[in-house]
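Structure below; questions to follow.
Chain nomenclature is as follows: A, B, C, D, E and F, assigned in order of appearance, with residue numbering initiated at 1 for each chain independently.
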Amino acid sequence: MSDKPKKLIEKGKRLDGRKVDELRPIKMEAGVLKRADGSCYMELGGNKVIAAVYGPRAVHPRHLQEATQVIIRYRYDMASFSVEDRKRPGPDRRSVEISKVSREAIEPSIIKEYFPRSTIDIFVEILQADAGTRTVGINAASVALADAGIPMRGLVSSCAVGKVDGQIVLDLTGEEDNYGEADMPIAMTQDGKITLLQMDGHLTKEEFALAIELAKQGCKAIYEVQRNALVAKYKGGSYV
Amino acid sequence: MSDDIIAEIRRDYIYNLAKKGERVDGRAFDEYRQIEVETRLIDRAEGSAKVKIGNTQVLVGIKIQPGEPFPDTPDQGAIITNVELAPLASPSFEPGPPDESATELARVVDRGVRESGAIDLAKLCIEKGENIWMVFIDVYVLDHDGNLMDASALGAIAALLNAELPNERYELGKDAPLPIDDLPVAVTAAEINGEIMLDPSLDEELIASTQLTVITSKDGSLAGMQKSGVGMLTFDQIHHIIDIASKKAKEIREKYLETS
Amino acid sequence: MSDKPKKLIEKGKRLDGRKVDELRPIKMEAGVLKRADGSCYMELGGNKVIAAVYGPRAVHPRHLQEATQVIIRYRYDMASFSVEDRKRPGPDRRSVEISKVSREAIEPSIIKEYFPRSTIDIFVEILQADAGTRTVGINAASVALADAGIPMRGLVSSCAVGKVDGQIVLDLTGEEDNYGEADMPIAMTQDGKITLLQMDGHLTKEEFALAIELAKQGCKAIYEVQRNALVAKYKGGSYV
Amino acid sequence: MSDDIIAEIRRDYIYNLAKKGERVDGRAFDEYRQIEVETRLIDRAEGSAKVKIGNTQVLVGIKIQPGEPFPDTPDQGAIITNVELAPLASPSFEPGPPDESATELARVVDRGVRESGAIDLAKLCIEKGENIWMVFIDVYVLDHDGNLMDASALGAIAALLNAELPNERYELGKDAPLPIDDLPVAVTAAEINGEIMLDPSLDEELIASTQLTVITSKDGSLAGMQKSGVGMLTFDQIHHIIDIASKKAKEIREKYLETS
Amino acid sequence: MSDDIIAEIRRDYIYNLAKKGERVDGRAFDEYRQIEVETRLIDRAEGSAKVKIGNTQVLVGIKIQPGEPFPDTPDQGAIITNVELAPLASPSFEPGPPDESATELARVVDRGVRESGAIDLAKLCIEKGENIWMVFIDVYVLDHDGNLMDASALGAIAALLNAELPNERYELGKDAPLPIDDLPVAVTAAEINGEIMLDPSLDEELIASTQLTVITSKDGSLAGMQKSGVGMLTFDQIHHIIDIASKKAKEIREKYLETS
Amino acid sequence: MSDKPKKLIEKGKRLDGRKVDELRPIKMEAGVLKRADGSCYMELGGNKVIAAVYGPRAVHPRHLQEATQVIIRYRYDMASFSVEDRKRPGPDRRSVEISKVSREAIEPSIIKEYFPRSTIDIFVEILQADAGTRTVGINAASVALADAGIPMRGLVSSCAVGKVDGQIVLDLTGEEDNYGEADMPIAMTQDGKITLLQMDGHLTKEEFALAIELAKQGCKAIYEVQRNALVAKYKGGSYV
């Protein structure tokens, strides 16, 4: 880890030139994999993430089935080369927790009663990581679900907000996350209900109120990108 | 099958009570069950605490031993938090590696201590880049009747408060208390049928659509949050939870942590 | 480990003041957990142990069921902070063996034919260890079974005997175990049949005969404590 | 049940085509699907390449870090190859430890690099007996439509070709390219109903009786072979496969590796 | 189902024989099956022995290598005993981590060697606190026809007796025999229908209510005991077993260990 | 590892005195285990290997059964003391791959349709290793299958060929494998079809043609030994 820079925000500009309420550059494409029932690739700044959906499909063994609704499974995984120091392949405690909260963020948008005794599997692979991977994964997963034709109440959009150099900012970089005062990933449905909320660090109640308003804006912008990716799927498009 | 029917009846019953502003055990929505904190029960541990919230019971032991620092924090001690959902605590706990709930629980307790700055990690450095104190927080859940999050977090900070650095054992001078800077307290709320209730019992947890844990610092600021469980919260609900949670955290801190 | 003290027994007194045929102080309480079907907390000297019983309950998957009798499972586990150097949570070879011999010590007392196709689970957690944990676990487990209302032929009582400074002694401390010449944990039924017998170290046949007589006395005293704990359950009581 | 019937119909269809010298997707027996190689996609990795062969897609990342040498090769660097059959790549891949197919795949790719002498391991020694470069080749299969072996092997060598030793990060001088001595290329043939076809698609793999992978060096010599799958090959079939595989390897090497 | 019936018939048959003082294979109650001990079969191992008791067959290999001492015994060598119930030995053995029977077997063999003082561990210290000899006793069960305990324990001590410290390999002088101080021998008895029989065959083990293993030292003292299996023993039965076991152990020691 | 000797072949003789086309001394015996349905012990030079076969037997759980044919499982395992530096017991990546290719080498010789819904388990234990263990395992496994009475189309025979000091040689020793230029294990059926083929190192096409001819000779010689071992089973014989 390099040393902390003196200032992360100077004259309203962040180290990468963004304003405090600005997202990093985004790239998103649906339908990038052939075998998966639905898929989506997303870049957000240095993050490169791919999501795939399989299902609904039958559950084995049978005693794991649920009689009245589909079971959602979600696996968040980081590629070994996605981070500075090689990560051992496979799940660790961090990815187990992220898989859980990501599933809980996505699940309310799925109409689960349509497919009893079945499962929908969501796989998110982080190819390159640069802070905010779980939010990128949730965005890509939501589009992949739509791409797979899963009946949904709407898309889920996600972004992180936080506190850096005393200011509330949108979409933290790795550096801002490491040296900032708070990090808060959020996800919400199209109609503004919160499905993911985590926070580490310190915020006053007033700062929290500001932060959550900023997150709303961020998620709205993300939602437009998600919509466009689904529209673009029917016109072709390129990824990476 | 009959299990499902009983579950449905219980759900209806609690839902109907909630509409009338009532809870199964007669508590107010912002009322905790009885809390008991006992400390220094385990002589082998450097610190320990047993917390009961109603029938929920957790035992937290702190072990402290020297170790190598992480490469990216050569001058800081380390905190390692682990939660064991011991199979004696619930018919639904199985022996084996921690499942996702135990992992989440451990990570939220861990961040509640670490990210809140409760412990001054710089003071846990013995020799920069070579030797630091590793503080193991091990939570054993003994009886599970809901709200393990608050019980575990309270047990962790209570145990840390009476923990001693075992300097003598390693010929580093006299034993000394852990450098505690803050007393973060976790308060969990459940959403049931549109209503918000603190300290959900197991019956309430099973039917809650989602829960939100809010960790508050001594100075009243928010030191951590975790939504847990499928389900949604409105902005208003979140602001309301933060409001009552920070009040309740202050009460708990004064009553159980600042007296010891 | 500190150095060996010169003498472990002086003028018939052991380092903690006990006579050679004396047990350490005991505390025992039944019914200390709400969720478990039966439970018991026991202290013996520095040992602090809690046992819980679940069952009889159905076995899944079905091919593990036994058609004519209940299956007994027993899990002995040491809490990470129960010993001087932190123990990694989870089973190791020692706890696997102790779980096996403890189950075999308890099982003969259970009337297994009453609950075919079912299982009874016994969980023993060592909260603090001070030599003799397996015997404390067996004593607590037997009371927890009774507390759960499992039909039994009687209680199983257990204690350790050994050889220290050339003398046969009852209920060894950690120090006596480390520096002594032999350690022999024993369990027996109310009518004096042996259900647990292990021995490490060296004993002549004559010493063994002495040791087993001493164990009989020890188990008898333990049995009284177990009985009292079950009686006390109906009057209330406090633990720890 | 109906799965079996579809499988049988597909088998008959491909068998009948094979008799007529044809393949499902219209290719000649010795023709590959379209190959695409993109490099330097992952900034965090010391080298990377994405290879597509038809719809099959693998991403290979190279991580290089200092480590201790193996006791029996104190003056040589180490290559550690790993293949992740990511569950997003196929409905039949499950999360979990590598199964025997992933293990075989990793080991053949590994030997194809190591035993062929593609990397000069002696030049990866930093300090004899103390410190060497460890080169991790991690293959992530993203989309599985057959012939993972050739895609993975091609991705590995393509990623190694653009990998840099991170000398600066460890204060060992300037970054430098990996010392690559050879460009081994794997070509896989499937045996179907007596016919030999290169680059089997997944449909073809599922009904092939066996496959043979032939790895060829720049100088045309054989640098590795692996028969995979139940089934038998005659001597004539093996000689025929070696013949066409070495020609095809030359084409692939010239087109995708020697231009970069 | 029919398995159960056969098991019941076998049980009745053996029970009835026992009443008449007889065993299935015609042995007396205190008689062993034929014992064979072969040593030095595995050149790669520092010591080895194959023991047959009837059809039961175990192969024990000793590997000795330098290593770090345990913190609490800085001046003593280490013994690590492992038992592999190789799946070729029985239809009921599965590949995988050791189950509780294999674990118990390994631990009893281990204590039989360690706690009996058979090896002078102080002589296995190379440099106090730094370097010691680690002695790995690996028991592979090849054919399981009952009484693995006695076969494994006998194989372990027989293999240790011909093991050499590989001093030359590590430039520590000349190879030397292991410092063996005692020759503990395990003798196992089964209780069947009130009768006590030594060296139970697999058929007898399956219906025995419990077993008791008694380990005896050269000087006739008891050096270890382990009751194994659900079931109870009276005091008289235990004294009787100790009596005949110590006699039999002396015979086995003289015949198979003190001649080599 | 000792240093490379100057020459591995001198005047047509190898370090152990063999000619380039000569196998190491072989010992083979069928039926050496009582519990297994079939078994075989084989020595080849310093290799000591035992193979056991169980089955056909029922598959549990049922959803793993195959409706029309038997499932073959093959486990190659090295004993911890079989190699110079103690090997941790249990499977590693090498043994997983060898188990796979060995199964695939053996499976074509078994008439699998005879036993639907069943499994045949082949276990190979390497007691001492000296280069070529997988080929010895395949030879012993094939005889063990015959010993178990499994219906087969014939035996599978296996040996390794390679390139040492520029020459194509049969049946490499450990030293020749370490310092040689190529190693190629092969297995074939009685009628000369290849069921195992692996190669590491470098061979020209011409060398490969030579090598495979030499392998044919080697397998033929091995086949005679296998046949004799099966014949000898009915006359008694000794092993190790």
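Basically, a contact is a pair of C-beta atoms (placed from the backbone, for glycine too) under 8 Å apart; a residue touches a chain by one contact, two chains touch by 3 or more.
On a predicted model such as this, the values are computed, not experimentally measured, just so you know.
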**Item:** Labels of chains that are neighbours to subunit B and to subunit D
**Value:** A
**Request:** Among B-C, D-F or C-E, find the interface that matches A-D: by residue number, over half of the contact pairs should be common to both.
**Result:** B-C
**Asked** In terms of CA centroid distance, which chain is the most far removed from subunit D?
**Response** C
**Request:** Going by C-alpha centroids, which chain is farthest from subunit E? Tell me that one.
**Result:** A
**Asked** Using CA atom averages as chain centres, what separation in Å is found between subunit E and subunit F?
**Response** 32
**Centre-of-Cα separation between subunit F and subunit C, whole angstrom** = 51
**Message:** Roughly how far is subunit A from subunit B, centre to centre by C-alpha average, rounded to an integer in Å?
**Reply:** 27
**Asked** If you average the Cα atoms of subunit B and of subunit F to get two centres, how far apart are those centres in Å?
**Response** 58
**Item:** Residues of subunit E whose C-beta touches two or more other chains
**Value:** none
**Item:** Touching two or more other chains - residue numbers and ranges from subunit C
**Value:** 61
**Prompt:** Within the complex, which stretch of subunit A touches subunit D?
**Reply:** 33-36, 39, 46, 48, 50-52, 54, 57, 75, 77, 79-86, 89-91, 121, 123, 125, 127-129, 240
**Request:** Using the touch definition up top, name the residues of subunit E that touch subunit C in the complex.
**Result:** 72, 98, 100-101, 103-104, 106-107, 111, 115-117, 210, 212, 217, 220-235, 238-239, 242-243, 246
**Item:** Residues of subunit B that touch subunit C when the two form their complex
**Value:** 38, 41-45, 48, 50, 55, 57, 59, 61-63, 65, 82, 84, 86-91, 95, 97, 136, 138, 140, 142-145
**subunit D-touching residues of subunit F, taken from the complex the two chains share** = 1, 93-94, 96-97, 99-101, 103-104, 107-108, 184, 189, 192-205, 208-209, 212
